[in-house]
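Two complexes are shown next, each including chain A; its partner changes from chain B in the first to chain C in the second.
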Partner chain A sequence: MRRLAEIPVNRYLDFALFLALGLFPLFGSLFYTQLLEKYLVFLIFAFSLDLVWGYAGLMDLGHAVLFGLGGYTMALSLSAQEGVPEFMARYGVKQVPLWLQWIVPQPAAVLVCILLPALLAGLLGRFLFYSRVGGVFFSVITLALAEIFSLFIQSQQEYTGGFNGIGGLPGLSLFGHSLSLAEGYYFVFLMVLLVYIFCRALMTSRFGLVLRGIRENETRLEFLGYGQARFKTAAFALSGALAGFAGALYVPVNGMIAPNDVGMEFSTAAVVWLAIGGRGNLTGAALGTLLVNVLGNALSEHFGAYWQLLLGAALLAVVLFFPNGIVGSLQLAVRGRTVRKGAARRE
Partner chain B sequence: MEKKLCVFLVCAVLSACTLTGCGHNASGGSEKDRPIKIGVLYSLSGVTSVSEKQLYDGTKMAIQKINENGGIHGRKIETVFADYASDPAKAADKARKLILDEKVTAIIGTCSSSARKAVKPVVESYHSLLIYPQSYEGQEQSKNIIYVGCIPNQQAEIFVKWLLKNAGKKFFLIGCDFVYPQVENKLAKEYLAAGGGSVVGEEYVPYGSTDFSSVLNKIKSSNPDIVYSELTGDSNVAFYKQYHAYGLKATIASLTTNETVLKSIGADAGKNSFICVDYFKNVENPINQTFVKKYAETIKDGTVPTYAAMGGYNGGLFLGEALRKAKDPENTQQVAEAFRELQIDSPSGKISIDGKNNHTRLYCRIGKVDEKGEIHVIFTSEKPIDPKP
Partner chain C sequence: MNEILRTENLSVCFNGFWALRNVNLSVQEGELRVVIGPNGAGKTTLMDLITGRTKPTTGRIVFGGCDITGKKPYEIASLCGIGRKFQGPNLFENMTSADNLLLAAPRLNTVARTFFRSTPRAAQERAGKVLREIGLWEKRDKMACELSHGERQWLEIGMLMMQAPRLIILDEPTAGMTAEETRLTGEMIQKLLGSHTVLVVEHDMEFVRQVAQTVTVLHMGRILAEGPLEQIENDPRVAQVYLKSQGKGVRTSA
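== the complex of A and B ==
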């Protein structure tokens, strides 16, 4: 009994969440299963942001750039499966460009989707963290990056579809066999589980411990011989790889990608998910993502023009009254109760 | 802390209750008086909400009119609204929801080409029907989409010819940096080459940009007769104002300005410019006079009907006619068939659907802005123009 009580509260929540997600297609309607499949992809993205913000304490306001790099790579690859895509042909592109030919085979595309964002994050880390750029400056730089990236995508119309994005893409397929909705859902679900286990393992490892140490007290950790820049850069690059992977999954699940999915708006949306759910324990990321998206969807159906205002009010309320997010506050409350019980027993 | 937790839980439970509470009310009754469900898909939030509000208002008025006049063979039209917050991916989600969960017969909506392109594969894969109310760049056809707005050969081609004859030969092309302006300008160049005009400059600004100082310098140094613009939203308003403040004299000719935009621009900056669309508030015919009056009574937000509102209205009227014509108004296939060569008496004139390409035969009108900021219709095409997408 006591051993059960020692398991942190968020682990129960994780279990409940994953159970619910795993069972959903059995009961949920076609439409909601499809919608939830997309939110599952968002979970991977939220986990990747939790690595940098929750564990390393770096608030990345341009995380969607990494997501978008993966997403656009996959979208280009899928659109070029049968020769020059329509949006390129419109600008007089007659032949599939060489760089695009390389990523037409799916395995190559997936690899690039993961490596390219990791490389960008690694490079950014190399320049920012080694010059001791952190805190709010890191946030501002990443925010600017998000805006630049989205403008860049919009201006390169012949290669990115510009403002309209790249659409009409085929759904998920494995080894040439295209997956049905249920198969696709469980495939994405499996990926989410794997990413979750990977993140959990990583964060309980020595690497994760050092990372959290740096978040709490950088000077002390450096005094002990752990270079902050090295660890932060590694964490950022890993997070980039995961974000890129999420982007690569998003495109076939969603059928399209547009500048909205890669800019400031989506970056800050992810920050909001984590702020509401709670940071640094993955559970918060998962709960926040699902809650905000499901709630946003429900609100938009019932409150027309005002739903974003209501969502904003809810966000304000959470930040004001539960600054640690829902899961963080829950943990504190449960811990408070056990401490009090222990004290009572001693008396 | 525990108290806070309690408060939070109570809040969560309450919000969950309200959300489920206002769920669907079962539409019972026999088939004869059960309402016909259609989806209405616009953004009343997000960056395109200003123009989509006009589309939405137009559609709302059309459905209201149909229901007031006895509905479809006695059955009311019930609209299911969905807001997609100017996000194309969300537009696709919502379209899926309207088709799969709400089981609507057809959807009327979307504004930008990006949203339409996102919804297109959805309506195609579920064999549903989208009525698209906005003017756009053409070059698209789908048997699952009815295009109600005008396309370049019904607008730009005539406009450029008219400008060459009446206003000048040297054109400076400007637009926001996305597909619609790029395609329009590409076509404008073709029309100009054919009509003996010339292009002295071409500029694109990022969507939503409001700083035109460098563009204005370029316009000044290239000395055009006409500044031909497809700027939209905030960029459009800012451009007119800065252009006026800078004191440039070439005439602005726009494909995207309307009465609402003109109000934000102001009469000073807007005067003497030309606009070419399929409908203006000041179109003179009895149907339009009644419509404008009705609009003022229904939409009490101080706006007047624009070509966008008219697109939404025409879309609604067409859909109503098609539902009436179809044997079973809940059979999307039959409704889609009913759209072929369908004709309506709209405030913008007698217009009809071209069965060959699902686009609409529309009038082309050119307006000139006077000192008071009113648009005078100075040119109307003799008959509705066949769409060539």
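== the complex of A and C ==
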């Protein structure tokens, strides 16, 4: 049987987006290159959210917790490269704690950044999905979790820098060689590309088909013999690993991490990116993330905090008129056209 | 003939209401069994018990020699091979007809067998064959939600063909269909019959006559009568509780 070729409009968009991102440092200013590098990291985070929300239909309102676990792990590791970090010394910590010593070597840190969030997501999945917690309840629980995590980070001042977070961190380096801005940009770009290919391959595989089935009709899927809890837990853990990886990249790129990067605010920001761009096709996640962040940056220069009002209005408009997001609506429009064309040919 | 499904003294109680009491049902391999009964007789509850959606209060369910009492729905579906079509359409709405069928492919339903793997060619080809059989080949790229009511029912039957279970449970397969659609559905079910055991819950007596071999009548959670169709139609007790209300000609609306 000829497999239904997915409407290619989003593949073209993907290609265009990646081409633009790849060429940007050649033409753009240093300032914007640096900014875009940060948004590239956000792309990985958006892809990871798209796996659970866009494909499996699980609206995680606390996804930044997973991002933050990776981020803080990396921040602690980077800050402890030369003995006790300053913010710890201020609270009378004289020796690098044992657990921190383990993650000082960078390979170990990267591993923990990926495995720790995956483990947390897996555990959450084990408890929530196996006891059939889903839908809005899942969202509420994850939302609460985001708040708890951010409060926890703020309360552990001697280890997390509290409200101020951990700052003054070194930039990206590879095998002891610290990368220039352009090198760093292309390193992050390569990572985004790899994550994108990974997600695309997984979601076009049968696993992605099953996740979409879960989103559409979980009960029916169960009567077809699928253990839905296993699939959801696997997807959530995987998404956690990717989110943690994004967090680990974010820290050297941004130079610091603070509690508002890991709480409700950042979690819901990512939800907005996906809602505007469109869910369940990866392209929407990428487009929404870039659009909202780039526009946000440009508009906040002119309108200051009022830009958030514009974003709110745009979000409302999308939810009311284009519930499938930009890419989803585009796909539907192209689909409608080809369907009509097909009908005309048959006549 | 081999017995494929047996329930022993199956009872289920919802908050003090006995929806089923001491139901002893035996279905042979390759049989088509129709379960009829007035509203609230416990027909759908019986199907829920067999497929693991509801757990029995007492009693046992034995399928193909194994005790499946209290197992989870997905275990019953994948290990035993029991497929079910629900009352009313129950599809993956925003997925294409082809994807709906591909999801129904059997033994490809664990994380390990799906992770970074595509659906095997054999299963894809079978999905194509089923699409032609249910007359939806032209509409394979249409979303399930874009299909007409009858087409959606056929897609569900197609999913059962795809799943190729040892026992197929159909809950009111012709509900809400036109006479023509009902007739076509009957033909499709007869096609299924060759290789499967089928358990049907149905209201439409016209349809029951078209397909039935053995009929079980449920009333107030108990088996009232069981036997060949003519015997059931002439049973005075059945007539009293069920058939009477629809007159001697027995023509039920769906």
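Following the convention adopted for this analysis, the second predicted complex is superposed on the first by the 338 of 347 C-alpha atoms of A that agree within 3 Å, B and C clash if a C-alpha of one lies under 4 Å from a C-alpha of the other, contacts with A are read in each partner's own complex, and residues count from 1 in each chain.
Operating definition for what follows: a contact is a pair of C-beta atoms (placed from the backbone, for glycine too) under 8 Å apart; a residue touches a chain by one contact, two chains touch by 3 or more.
The model shown is predicted, which means the values in this text are computed figures rather than measured ones.
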item	value
First, second, both or neither for A:312, with chain B first and chain C second	neither
Which superposed partner A:35 touches (first chain B, second chain C, both, neither)	first
Touched partner set for A:105, first chain B, second chain C, both or neither	neither
Touching partner for A:151 - first (chain B), second (chain C), both, neither	first
Which of chain B and chain C A:260 touches, first, second, both or neither	first
Contacts of A:332 with chain B and chain C, given as first, second, both or neither	first
Partner chain in contact with A:135 - chain B first, chain C second, else both or neither	neither
Partner chain(s) touched by A:323 [first = chain B, second = chain C, both, neither]	neither
Chain B versus chain C, judged by how many residues of chain A each one touches	B
First (chain B), second (chain C), both or neither touched by A:162	first
Touching residues (chain side chain A, partner chain B) in the complex	29-32, 34-35, 38, 90, 151, 154-155, 157, 162-165, 167-168, 254-258, 260-261, 295, 297-302, 304-308, 317, 321-322, 326, 329-330, 332-333, 336-337
Interface residues, chain C side, partner chain A - complex	51, 72-75, 77-79, 83-84, 86, 90-96, 98-99, 102-104, 106, 108-111, 113-119, 124-125, 127-128, 131, 140-141, 159, 163
Chain A - residues contacting chain C, complex	1-4, 201-202, 204-207, 209-210, 212-213, 216-217, 219-228, 230-231, 234
In the complex with chain A, residue positions of chain B that touch it	1-2, 4-5, 7-8, 11, 15, 19, 22, 44-46, 49, 81-89, 92-93, 96-97, 100-101, 112-114, 117-118, 120-121, 139, 177-179, 182-183, 206-207
